[in-house]
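These are the structures, in structure tokens.
Here come two complexes built around chain A, the first alongside chain B, the second alongside chain C.
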Partner chain A sequence: MNAIASVPTEAVVSVQDLTVTAGARTLLDHVSLDFGARSLTAVVGPSGCGKTTFVRSLNRMTELTAGLAVEGSVRYLGQDIYDAAVDPVVVRRRMGMVFQRPTVFPMSIFENAAFGLRLVHAEEDLVDAAVTEALQRAGLWDEVRAELDRPALSLSGGQQQRLCIARALAVRPRVLLLDEPTSALDPAATQRVEATLQGLKEEIVLVLVTHNVGQAARISDRIAFLHSGKLIEVGPTADILERPRVKLTEQFITGRYA
Partner chain B sequence: MVRLLWVRSGMRRWWPFVFALIPLAITVAIVTTLLRASDLENFGWSFWSLNVSDHGILVYVIGSLLTAVPALALAMLIGLGIAVASTTYLPRFVAGVLDPCVDLLAGIPSIVYGIWGYFVVASFFGQNLFVWAAVHLAFIPGLRPTHDSSLALIATGDGLALAIMILTLMILPITTLLMRDALRAVPRDLWESGLALGATRWEVTRRVAIPYAKRGVWGAAFLGFGRAIGETVAVFMVIDQASKLPTNVYDGTSTMASLIIGTIDAAMQGGPTGALELHFLSELALVLLSITLVVNVAGRWMIRRTYTGVAGV
Partner chain C sequence: MATAPILIGLRPEDNLALDRSGHLGRRRAFDRLVGWLLPLLFLVAILPIAWLLYYVGSQALPGFTLATLTTDPSGATGGLFAPLVGSLTILLLGTGVAIAFGFLGGLVTAEYLGEQWAGWIRITANVMVGTPAIIIGLFGYLVFVIYFHWGLSLAAASVTLGVFMTPYVFRATDIAYGSVPPHIREAALGSGARPRQYLFRVASAIAFPQVLGGIFLAMAIGVGETAPLYLTTTTVVLPPTGLFAPASALSLYIWTGFQTGLILPTAIRLAFQAAFLLLVIVIGLNVLVRVIAARARRRLEGLFQ
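For the complex of A and B:
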């Protein structure tokens, strides 16, 4: 890790000419985008524009779908993650992922958060400390500290989603990819998750796919607008919202965000 | 108009009870018939003994458990293997051939397994596996041949071991099918979350998918056990029916179900001992019913207890 980290580069993740195809269909078309340290980038765009495909190609989850071909490069701290010598398992441990619906495992709250650490047979007191810290960072600790042995499935949807964030954080990733993490949650739960993300962006790189421009406005530093697999425009949140340069962006923003 | 409405809502009130009555009536009828026929008031608990000549049935209860429990254990292990392979590891086109095959096997009548076991499997395993085991694995208790079970006798194949094998093959399709469908119902997101944390497919299978599917696994176990302990004719054909406890795995014995099917004919013929035989067989049926009932209730309780209920969302 240290050898890679010493490569002088601004961006933690650097995407160059990323093109994803499924047979004759192009899902992503030459997308180039850098993600700096301690940032929260919102990826927005109409349904089917390739947002999910984009975040999934950042940690090689695209490989789990048969028939997808990826071209271009995704560099993590300077190293191409699609390089044949790179183990996708290692990539995924560096870049955590949170899904649209909470995906807690059928085990206790504690074991959910500890899942990634158990995989590497971490020592017990190390696991304890990491789980506590991850739950604190995910803003769930105060709600569950007294009942860590409870089945995770007995939590509310919003708590489950924050547990999923904690589970991803416990292995200390540098990047967290979130694909519409609040679309299955009610407004109160959404607000808790947003607060959590806002705290996290001081520490790691967050890439947040959202169909909710309001959410992007509330918590992101930067908005990337995708349309038909192309990156149309990217810039600071306020700029994209108030003075978009491209007509397509403006139409999308005004349609979604009065 | 008013009358029509009344009639229709009246209909709605009574018809569910008619349907409800059917299983209730059958249950009551079977239990009362068996209770009356086994005449427990006169004979008391004397049937609960190992004394075969005095119509003790404990030998057959043990025989049933000695066949059903190992068969269930084997069918669960192998079935889980097939289910995991089919849902997780095999290429789609191989699973596409395997799955209908398992479904088909689950529907084959047990007599077919019995005939196949009797004519083909018995001699095949007898001559190859059992004789080999009797010679080379004799240090394991239960696999050592007693002086009176010579190798030639072992080579014919039928006995406890063959009954276990046939039962395993018979319940394997249903245990496989239930566990496979339960594993297939594990949400794709859950799988991907595991993989996204850096787990291998095997780690996700073991730590996430199987626990998620545990209701299906328990269901498979209880249904498989019910079938194994209740199987009559296939076991009768391969177990080398004998009213005694087996001395080793090659030896003959009887299960409750196989004894019933083997002696019911004679009992029905009547004669001086007919009535006694019939009452004895009723006791067997009653015990068999009780075991099934207990397993069923335990199964329901277990499944409810392990319910993973998806809260929230």
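For the complex of A and C:
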């Protein structure tokens, strides 16, 4: 609130020369990319292009995998998140993450949504209000408001995934990282999650990893195309889809990528 | 909309009823055979247990009254109060020891140790499970009875039984925490949980039923063990008066009852009654394990997909 009241940068998250290696293999090769406020950036690319590694390096989840080395910088509101003085746990509370498969915990719906708040011992009234708000923003409130005490594992896959989004939102992060959040869902559930994300981009920074160009076309403002760990092209969604400047990008978005 | 008929030249295999290459008759015969065999095998498995229960019950139940549970033995007659209290006390104290070492060991092995250390500890636990109980008893005798000067006592028997039960609790804990799905761990840490918060709030919620089941299973195995107690306590006719006083146990009572019974037949009845009590406790604990497992399966359904 005090020390960095004014932010000297346009970007909420600024990635500079990010290189991630696993032994002799290079997973990400000098990637630089900024994320401004209120945006939904889709990170697309073929399997193994490094898009998951990229999104995981934005909140230091890379550190949970043994043998990964990260170089370059990731700045959150101007501060290097890899600085020795920065606690990775705190970074992950500001930049939440949603995964491919729903990852609800074996607790009630309410306690799942409240999970992040319980970690910081938030007060009870605050938890109630934040859980309600998070479930509303995740587009799940109307379906679960009457049965918040039900086990979360009894929800459908799509509902579980929106609960995971609510869980991430409840701690009011500025950034939400989504790693193929609809790849395990059916079309109807996918549509609900996409609608949720479209509503959220008015408020926070969304980084959406997807292998699905159609999804990127439907909901993103901007597309970043990764290939073999390199950022090939980035630009407004319409430009990338209609006038890609690089041949490789065109091949990928038109489905002719070999 | 009517479809125009198409003309197809028939081949021999188009006549489905004549094609015998699937050996339908042979498969049906095999199905019938298995249908008869399975209930038969079930009977073979269940009969010895049913007969054991019936026989022990028929020897123990005549003359089995409330007094059998509430009065101390007196010579070759009387009740089983002292050995029952002794058995339960030894079991509870031993379970405490087994939880202290087995649960903590399993937790550390599953969550904190590298593969190599964990591997050595798992091998050690497996060797302990395979060690004959009398050797555990001998260890208890040498270490607790002799070296620590505890004598033949409740303390020596409990700790020795605890040593015997430890690897069972260890294995249940190690497997329970090791089987928490990795994506759940990632999600918890990705939500900003500290490793310890993950361990206590998420992993334990998933692992706890299995750990509890392991503890009750260790109790079911431990309560009837005779060998760890044989060298560490001795049969007395009164309940234990302190940690370092000897404590009687049902399993020991069966042993001494039959030895005495060669001279005094009433001792045999008492031994059968002790055996019956032990069987009831063991079956009760096993049912408890089943109930815990079934409840956990319902609660965690969908988590491991």
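Simple rule for what comes next: the second predicted complex is superposed on the first by the 252 of 258 C-alpha atoms of A that agree within 3 Å, B and C clash if a C-alpha of one lies under 4 Å from a C-alpha of the other, contacts with A are read in each partner's own complex, and residues count from 1 in each chain.
Here, contacts are C-beta pairs under 8 Å (C-beta built on N, C-alpha and C of every residue); 3 or more make two chains touch, one makes a residue touch a chain.
In this text the structure is predicted, and so the values were computed from the model without any measurement.
> Under the stated touch criterion, which partner chain does A:Gly96 make contact with: chain B (first), chain C (second), both, or neither?
both
> Tell me the contact category for A:Gly139 with respect to chain B and chain C: first, second, both or neither.
Touch status of A:Gly139: no partner.
> Taking the superposition as given, does A:Met61 touch the first partner, chain B, the second, chain C, both, or neither?
In the superposition, A:Met61 contacts both chain B and chain C.
> Regarding the shared-chain residue A:Gly158, is it in contact with chain B (first), chain C (second), both, or neither?
first
> What's your read, chain B or chain C touching more residues of chain A?
With both complexes superposed on chain A, more residues of chain A are touched by B.
> For A:Gly45, using the defined touch cut-off, is the partner it touches chain B, chain C, both, or neither? Pick first, second, both or neither.
A:Gly45: touches no partner chain.
> Give one of first, second, both or neither to describe whether A:Pro244 is in contact with chain B, with chain C, with both, or with none.
neither
> Give me the intersection of chain A's contacts with chain B and its contacts with chain C, in residue numbers.
59, 61, 64, 89-90, 92-93, 96-97, 99, 101, 103, 105-107, 115-116, 118-120, 151, 153-154, 164, 167-168, 171
> For the complex, give me every residue of chain C touching chain A.
The contact residues of chain C facing chain A are 183-184, 186-194, 197, 201-202, 205-206, 299-303.
> Which residues, counting only chain A, touch chain B once they are in their complex?
Chain A residues touching chain B: 59, 61, 64, 89-90, 92-93, 96-97, 99-103, 105-107, 115-116, 118-120, 151, 153-160, 164, 167-168, 171, 184.
> Which residues of chain A touch chain C in the complex?
59, 61, 64, 89-90, 92-93, 96-97, 99, 101, 103, 105-107, 115-116, 118-120, 151, 153-154, 164, 167-168, 171
> Mind pulling up the chain B residues that touch chain A in the complex?
187, 189-190, 192-200, 203, 207-208, 211-212, 214, 308-313
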